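Presented sequentially are two complexes of subunit A, the first with subunit B as partner and the second with subunit C.
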Partner chain A sequence: MDDMKEKVLEYIIDEYLDEDDEDDVSYDSPLISSGIVDSFSMVSLKRFLENKYSIKLSDEEATPEAFDTVDSICRLVSKHLG
Partner chain B sequence: MNGGNHLSNIGSYEKRIKNFNWDIAKDVLDWKDGELLNIGYICSDRICNRGDGEKTALIWEGFGDKSAKYTFNDLRIYSNGFARFLKEEGIEPGDRVCIFMDKIPSLYFSFLGILKLGAIAQPLFSAFGDESLEVRLASAGTKAILTTRKHVRKVRKIQDRLPDLQKIIVVEGDRSKLKDGEIYFDVENSPVVEEFDVYHSEPETPSVLHYTSGTTGQPKGALHVHNSIWGQALTTSWVLDLRDDDIYWCTADPGWVTGTSYGIIGPWSLGATQCVLDSGFTSARWYKFIQDNRITVWYSAPTAIRALMKDGNELVDDFELTSLRFLASVGEPLNAEAVIWSGEVFDGLKFHDSFWQTETGSIMITNYPGMEIRPGSMGKPFPGIKASVLDLVTHEPVNEPGKVGLIAFRPGWPSMFRRYWNKPDIYRSKFVGASGTAMPDELRTNPDLWYVSGDRASIDKDGYYWFVGRDDDVINTGGHLVGPFEIESALVEHEAIAEAAAVGKPDEVNMEVVKAFVTLKPGFEPSDDLELDIMNFIRKRLSPLAMPQEIEYMDKLPKTRSGKIVRRYLKALEWGEEVGDISTLSDE
Partner chain C sequence: MAFSDGTRNLFADEIKRIKEDGLFKEKRFICSEQDAEIEVEYPEGAAHKKVLNFCANNYLGLSSHPEVIKAAHEGLDNRGYGMSSVRFICGTQDIHRELQDKVSAFLGMEDTLLFPSCMDANSGVFEAILNQEDVIIADRLIHASLVDGIRLCSAVYDTYKHMDMKHLEKKLKLHQDKRTRLVVTDGVFSMDGDLAPLDEIVALCNRYDAMVLVDDSHASGFIGKTGRGTHEYFDVIDGIDLITTTFGKGLGGASGGCVSGRSELIELCRQKARPYLFSNSLAPPIVNASIKVFDLISTNTERRDKLEWNTKYFREKMEEAGLNMRPGETPIVPVMLYNAKLANDMARDMYAEGIYVIGFCFPVVPAGKARIRVQLSAAHEKEHLDKCVQAFKKVGDKYGILGLGKNEIIEKYGR
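What follows is the complex of A and B.
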C-alpha cells in the first residue's frame, strides 16, 4: 500500500502540480475539493490508475470523494486488487 | 422555501412585450441622463453614491477555511487601486489587459479597475494551458496580464513569443519567487486609493473581450462595449429576479461570459450582494455554501445540476436550503429530468433554463419568473429581442410549429458583441442577408438582417423554443464551447500523431465530451499508455475541457476526395445518427 501511495502521489505531482507546489501535497491532501484536480482531469487520473494496476473503475466508484486524497484513491484501488 | 409570495420584477411577460423599450433598463437603475456610463464606475462608485457603500457586495470563500467579505466601498477603492496602478504602469484606454487567475477577490476588483481606466478587460479561464493562453493573447495583442504565482508559470513559457505583452503582474502569492521583470501588486495591502478619475467612456467604448471557439480556425475575440450594461442589468432584474435583499450566487467563472455578465456586471450594477466560491466541486461543498450564506437566487449550469442529481436526493436533506427562492441555469440545454428533479428536492423550485452566448452578451431566450416552465424548453425570447428560427436551406423564418431551424436574432440589442477582434469577415459571416462588404457597425445596426447563433431549435405553437443542437462541429462540454480545430492542431503536435479529428460524443453529465480519432506515425503503436499520454498532453497545452476523454486509433481518417477530414461522419457515428451523403468521401 505504501508503494502504491508513493507512485500515485508521484504521478499527481508530475501531472497536476508545478515544481514549487510539491511540498504542499501529501497522502491526505485534498485534491478534488481543493481544485488541484478538476472533474475533467479526474478522467485522466482514473485512466492512469486503470492502466497502472490493470483494473477497471466504474463511474459510480470514481466519485470526487473517492478521488479526493491519495489515501482514498489507494483504498479504492486496493479493493480491486483484493 | 422562500418562494411564492414575491411579485416578480418582470410582472406580466405579455405586458412587457407590448410596452418594451430598452430605456426601461435606465429606470431600473434609476439612471439620469448625463451620468457617467462606465461599467466599472456603475458597479462600485455609483452604488456608494446612492448610499449603499457599506452594503456587502461580495461574500467570498476559498478552499479550506479561507473567506472574506467586501462592501461596495471596498469594491470602489480596490478597483480604484487597480486602475491607478495600471495607469502608472503605462496602460492606456483601449489597451487589452488580460485577467488570468482563479476566482479570487482581485479578479473582481481588477475587472472593474480595468474598465475604470478605459482599458479592455480580457478575462481568460485560469485552467487554460500555455498554448490556449498564447493563442488568445497573441490574437488580442494583449499589453498586460494580471495573474497569480500559481499561473504565472504558463505565462513565462510563452512570453518570448508575445512581443505586445509588456507587463506581467502577479497579484498574490510569495513575491520573492517572481522572476526578473515581473511586477508584484497586492491591492489589499497597498495604499488606499480614495479617488480615481474614471475614464469617460461613451456607449460604444470597448469594455470586455471574451474569446469563443468556432468550427474552423483559432478562437475569436468577441468585443463588447460599455453600453452592454443595459441588457445585462435588465435581464438580471427580470430574468434572475434580483432584488435588494437577495443573496445571489452565479457559479460561473469570469473566464467565460456568464461569469462577467451575470457574475459581475448584472448583479453589481443593481447593487446586489453576491457570493463566490473558489473551490473544487463537490455536491456537499456547494450545498453547504448555499446553507451557510443563506443564498436566495442561484444561477448555475446543467453540468453542475446533473452532477448534483447524480449524488442523490438524500444529500440535499443533510442541508438547510430553505433560503433559496429562485433557480436558473445556462450553458447548455437543461434536460427535463433535471428541471423536474430540482422541483422535487428544492421544495417546488425548478431551474429556469436560459439561452444566450458569448456574442449576445446577455440572456436572449429564457423561462421567466411567474411563467409556466415547460421542462426541457429554453423558454421565450426576452422582451425587445426579435428572435426566430430560420429554415436550414432558405434562411427564411420558419412558421411551422415544431420545425427545426437556426436560432437567429435581429441585431441591435445593447449587449450584442460589436465585432470579432480583427476578424471582420467572420463577423460578417454570422449575418444572414449581409452584403459582402458590410462592416461591423453596419451589420450590428441593420434591422433587416438576422444574426445567426450557430444553434438549432424549434418553436412550439405557444412560442416556446426547444433546443436541438449545434449547427456546426463546435463541442459543447460542461457548458463551454471547445473548437475542434484548436484540439486537432494541438493533437498533431504530439510526437506520435500523424492526423487527428476531434468531435463531441454524448455524455450523461457534460452533454458532450471530446473524443479524438487519430492515426499514428510510423514507429508508434496504439496502447493504453500512449492514450493517457495524449490526454495529458492536451490537458496541459489547452485545458482539461479540451482533453479527449476517449481516443480511437484508426488506420486512416475519413476524408473528402480533396483531402479534408470529415468530422461530420465521425460525429454521426458517435451519436448513432444517419451519416448522410458519403458519396464525396475518398475511397483511399
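What follows is the complex of A and C.
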C-alpha cells in the first residue's frame, strides 16, 4: 500500500503541479476540492491507475470524492486488487 | 409570495460571503464614449472623473472610431435595428454573409459562422463537432468560456500543463485510440499576455493526427505582421483547423463572435451548434460596423503598428521605472504584485492619479499571483503612456516595490 501511495503521489506531482507551484502535497492533501486536480481532467489519473494496476474503474466509482486524496485513491485501487 | 424572507436571506448571505472574501465586484459607470480618455462615475453617485483608460480590450482604438460609428448608422438605416429571428429561420441578411466572407478572408480560413458572442461560439463549437469517441486536450489556462463549452460536450476531456509541449505530446500519445483528437488553446492568454507556441503545437498535431482550435480573441486584428492573429505570428495559417474570436475586443468592441475554419466543421456548427440555433442574430448595425472594421484593418496596418510601438515603449519605460512585469510582447502587460490586497490598494491609488486599472486576484488568476493587468491601445498617445508610467512610479514608490523582484515583493507583503 505504501509503495502504491508513493507511486500515485509521484504521478500527481508530475502530472498536475507546475515547476513553480509551491503546494506541498501529501497522502491526505485534498486534490480536487483544493483545485490541484481539475475534476474534468481526472481522466489522465484514471487512465494511469487502470494501466499501472491492470484494473478497470467505472465512471460511478471514479468520483471526485473517491479521487480527492492519495489515500482515498489507493483505497479504491486496493478494493479492485482484492 | 414565493420569495420568502428565508429565501431572500439565503441569497443575501451568499453576497455577504463574497464581500467578506474580498471578491465583490463594485459598480463603475463610464459616462462617455469608450476611448483612451473617459469619464467615470466611481464609486456610484460620485462626481464624474476624467481618467485614462488602461483596462479596456479596445486594442485597436476602434470602439468609437468615426468611420465605424458611421457604418453602424448606415446599417441601422439600411437594414434596420434587429432581426427578431435566429439565423436559420429568417435572421440572415446579405450583410451577415458579407461579414462571414470578410472574416474568412482576413483569417485565412475556409468558412465562418457568426455567433452572438465568442462566449456563445465557444459554448457551441465542441458539442457540434465531437462526441464521446473523441478527446479534447486543452491547455490548463484556457479561457473560462472554452471550459464551459467543453463541459457541454460528451468528448473525453484531458489537459496539458500551460504551454508545456512535452506534456502535450504525452497526452497526444496517450489518446491515440480515440476517433479524433482536438487540441485547444488560447492564442494570447488573457491574464498573462503570453503567446501559445502554435508552430510547435501544429507540428505535434501533424505528427499525432490531431486538429487544433485556437481562441484568438486577444489577438485578432493586431498580432502578426498584418494583424491576422497568433497563427500569422507563428506562420502556421494553414495548420489551424478552427479559430474562435470576438468582435467585442480589438475588432470594434461592440459584440458578436464567430467560429472560422475547415468548411465541414463550420457546416456542422451551422447545423448543430445550440447558441447559433437558439439565439438571436447579430444586429444589423453591429454587422455593418464590423464589416467596416475589417475593411479598415485590411487596407493598412497603421493601427496595429501603433499598438506594437506603444507596447514596446510602455514595457521599456515600466522596466526602467522598476516595475515587476511578466515578460512578453503583447499589449496585455501584467504588473505582478502577488498579494491581492496590494494589487487592489495600488489600483485604487492609480485611479486617484487619473489612471483606470484594475487589480486581478483569485479566482480570476491563481492564488498568490495577484496583479494589475495593464492593457494598451492604439488609441493611447505617447503622453498617455508617460502619464501612466509616472503614476506607477509614484504609487510603486509609496508601496516600496520599485526595483523589487518576485521573492522580495512576496517577502514584503506575503502572497
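Convention: the second predicted complex is superposed on the first by the 77 of 82 C-alpha atoms of A that agree within 3 Å, B and C clash if a C-alpha of one lies under 4 Å from a C-alpha of the other, contacts with A are read in each partner's own complex, and residues count from 1 in each chain.
Basically, a contact is a pair of C-beta atoms (placed from the backbone, for glycine too) under 8 Å apart; a residue touches a chain by one contact, two chains touch by 3 or more.
Only a predicted model underlies this, so the values are computations on that prediction, with no experimental measurement involved.
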item: Fit-or-clash call for subunit B and subunit C when the two complexes are aligned on subunit A; value: clash
item: Comparing the two partners subunit B and subunit C, which touches a greater set of residues in subunit A; value: B
item: Partner chain in contact with A:55 - subunit B first, subunit C second, else both or neither; value: neither
item: Which of subunit B and subunit C A:40 touches, first, second, both or neither; value: both
item: Subunit B versus subunit C as contact partner of A:1, first or second or both or neither; value: neither
item: Touching partner for A:65 - first (subunit B), second (subunit C), both, neither; value: first
item: Which superposed partner A:32 touches (first subunit B, second subunit C, both, neither); value: first
item: Contacts of A:18 with subunit B and subunit C, given as first, second, both or neither; value: both
item: Superposed model, subunit B segment overlapping subunit C, candidates 166-174, 310-318 or 346-354; value: 166-174
item: Set intersection of subunit A contacts, subunit C complex versus subunit B complex; value: 18, 38, 40-41, 43-44, 47
item: Touching residues (chain side subunit A, partner subunit B) in the complex; value: 15, 18, 20-21, 30-41, 43-44, 47-48, 50-51, 63-65, 68
item: Complex contact set, residues of subunit B against subunit A; value: 63-64, 102, 127, 149-150, 153, 177, 278-282, 285, 307, 311, 477-478, 528-529, 531-532, 535-536, 539-540, 544-545, 547, 549
item: Complex contact set, residues of subunit C against subunit A; value: 140, 147, 150-151, 156-159, 161-162, 171, 174, 368
item: Residue ranges of subunit A touching subunit C (in the complex, touch as defined); value: 18, 22, 38, 40-41, 43-44, 47
